[in-house]
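The first chain written gets the first letter, and so on, giving A, B and C; residue counts start at 1 in each chain.
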Amino acid sequence: MKKTPSTLSTLENAGLSAEDQLLFSNARPRPYEPYPIKAIEDFANWARANSLWILAFGTGCCSIELRPLMTARFDASRFGVAGRPTPRQSSVFIIGGYVSVKTLKRIVRSYEQMQGPKFIIALGSCPANGGMYFDSYNTINQFDLYLPVDLYVTGCMPRPEALLGAILELQDDIKAGKCDGANRYIEHFDEYKANQKKVIKDWNMPDYNW
Amino acid sequence: MTLVTGHSAALDFAQPDPVDLSSGKYVKLWQGPQHPGITGNMSLELVLDGDTIIECKTHVGYLHRGFEKLMEQRTFIQNFTVVCRIAVPEPAFNEYLYAAAIEAISGVQSPPRAQWLRTLNLEMMRLASFLMWIGGQGGAFGQYTVANWSLTYRDYVLDLFEEMTGARIYHMYMVPGGVRAGLPAGFEKRILKLMDDTDKLLDQIERVMYNNVVFKARAKGLGVITREMVDPYGVVGPNARASGFRRDLRKDEPYLVYDQLDFNVISGSAGDAYERAYLRLQETRQSVNLIRQVIAGAPSDGPFQADMPNLLHWKVPAGETYVKAECTRGEYGYYMVTDGTEIVRRVHVRGPSYTHAIALMERLAVGTNIADIAGLMVSLHTYPPEIER
Amino acid sequence: MMSELLDRLVRDFGVTDITERPPAITTLKVSKENGERLIRELRDREGFTHLNFIACTDWIEDGIFRLIYMLHNYDSKQNLGVHIDIKRDHAEMTSIHTLWAQAWTYQRELREMYGIHFPGSPRLEEDFCLEGWDAMPPMRRDFDTAKYSAERFGHREGRVSLVPRDHMKVQLYPNRGGDES
């Protein structure tokens, strides 16, 4: 693996106590490097696109449409989509609408625990620009300041059909190798982290949750 | 904690002493917010001795949007698009109560046809919400087939909502002074057909889920709410009725057209998770029955909106009120204070989950097996967004 | 029956401002000192066994927080709202967490949202909805949520907010440039 300047230094983990710093890794995340042979990378992307596993974390209103999506009527399993209870097994994080500050902390934590390649779909108008909570003191207004978004779905709330459409589009993008959100996060890691820490005042977790 | 019966004798509300986690005997475990076995986005902080829970703390606030503050920033008619977002699976009760609170203060009377349509909307909402709950309760005890069935039928109800109001989830149908539209052509026929199908579905669910040995073994005796606990813990709705109280706001303090409908208050006695689940199944059937009655009784013509002042300049007179309605979880209420301006002074939303998910859950969880905590949580039927608003 | 009860409350607790409000609520006002005693009496002797909610209204122009305890009697189906005014700059009220199990949750919420202190109430200082909050309690009237949101979260460039009244004026009276008169 090629070493980028950022992999040489380590993370501060300043939010943790001295005791806890010994327990958590302070290594920086590294970007994903595609296979050198294009055919293999294309094959890998094809496989990824057809086994999108969604993290079961309903973060807001829009997640109520995930239940019809996953059950008999809309049945997203047809497209290789399955719900997963743990971030370690998931590849897609669906941000279900507005994100309060308290949830943002958990989203960051869950997202970083997911194994790459990983993708974020943001539902509804709230993650895009605050939506109808644009003046609320507890919801963020631009989700992509804090985590990279691969696909937005409009609506308040988006219908299950729109979600199916989003999944198909995400599959196309993955097959074309265009979904580089996770790499963007790592390349601009310090900027994203600074934005997160600006909003999350009581930062008491490691800087990167391995 | 000991239970003392009697009216004036309170329960012991002292908080338990914290246990010594460093002793190695206990394990602290977080269930949620990222966890499939939790209702919505909230979390339980559990302390375990073996696999028995000895302490439970509910943490909420993951969905806090500050609705009550936002409503103080917007005019009355702007708020009507905001309120439905307070309880996501059951927006209609918020719409109705917000409209009812304004009508109580301003003295606007909604016409009879609007009242029938509102009742229809609320009962359809109750049906949709109960169907989703049945799926959740089945899922919590490992019966995903039931979840697939009932959520599909909930979707058919949502289709009818879409015909009636134009939207699947957030209808924004009940405006102050009436409703936004009448029923589309042929709606009655389609809803009656769906009600017949739903009856069959509920029979199947009863056979598959409620007679299932595993479900019975796990739900019976789980999370018993005794009669003495109901008042001090503020337990309302099906949770209280399953413990033997015949309390239903639709009967006790009738609103809309419930005094013209024929139904009985259903109650149980055991107060455990199975009794609550069975009672909710019966109430789902009752809701189907009520929808049939409303369809039969609703006038097909006449105005569905009262004459209203210019809503852009509407100043509601100064006043104060508390209105309530029986939602699927019990008493849902809106407390509203106005000061004669175009903007509301204060709205407080009283959701039944506020007591069920925090004070009651923390009490019932103690002594429960860790594997049953998801089933217990669902059997209290809590929706986090109405706790923190 | 209700009037008898109210007469007695006036005599024993000095309640004032008894008002009937639509649809079926009676509100009354009692001093901070007598508040806890009155609520206890209503619960134990008069059958108001259900606490609907505790809420607070900020009357900043009078310098008071008005607490409201909504009580319900299941037998007589009466609703009673007890108003208690407390000073804004010394916001403190007797805790009623020994009367209802859900009361301390409400008190925790009021502590966080208004900064009202309830001595003795359990877990009062724990975070309820907010986490790492360092500004003024948000439900106070002088807290400007739009300004706070703009400062802390920012807005995406190009986002437009329309004031409905002005927007509708232009829509309804395009020929007069939105002039309504």
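Going forward, a contact is a pair of C-beta atoms (placed from the backbone, for glycine too) under 8 Å apart; a residue touches a chain by one contact, two chains touch by 3 or more.
Predicted model only: the values in this text are computed from it and were never measured.
By number of C-beta pairs in contact, B-C leads when A-C and B-C are compared. Of all chains, the one whose mean C-alpha position sits at the greatest distance from that of chain C is A. Mean C-alpha positions place chain A and chain B at a centre distance of 31 Å.
Taking each chain's centre as the mean of its C-alpha atoms, chain A lies 38 Å from chain C. With each centre defined as the average position of its C-alpha atoms, the distance from chain B to chain C rounds to 22 Å. Among the residues of chain B, those touching two or more other chains are numbered 61, 64, 66, 69-70, 73. Counting partner chains per residue, chain C shows two or more touched chains at residues 129-131, 138, 143, 145-146.
Chain A has residues 102, 135-139 in contact with two or more other chains.
The touching residues of chain C, counted against chain A in their complex, run 129-135, 138, 143, 145-146, 148-150, 152-156, 159, 161.
Listed in rising order, the residues of chain A touching chain C in the complex are 101-102, 105, 128-130, 134-142, 145, 198-202. Across the interface of their complex, chain B is touched by residues 21-25, 27, 43-44, 49-53, 55, 57-58, 68, 70, 74, 77, 79, 81, 97-102, 104-105, 122-123, 127-131, 138-139, 141, 143, 145-146, 164-165, 168-169 of chain C. Across the complex, chain A meets chain B through its residues 55-61, 63-65, 67-68, 71-73, 83, 85, 87, 98, 100, 102-103, 106, 110, 132-133, 135-139, 156-157, 159.
Those residues of chain B whose C-beta lies close enough to touch chain A in the complex are 33-36, 40-41, 61-66, 69-70, 73, 81-82, 85, 88-89, 132, 135, 147-149, 151-152, 154-155, 158, 168-170, 385.
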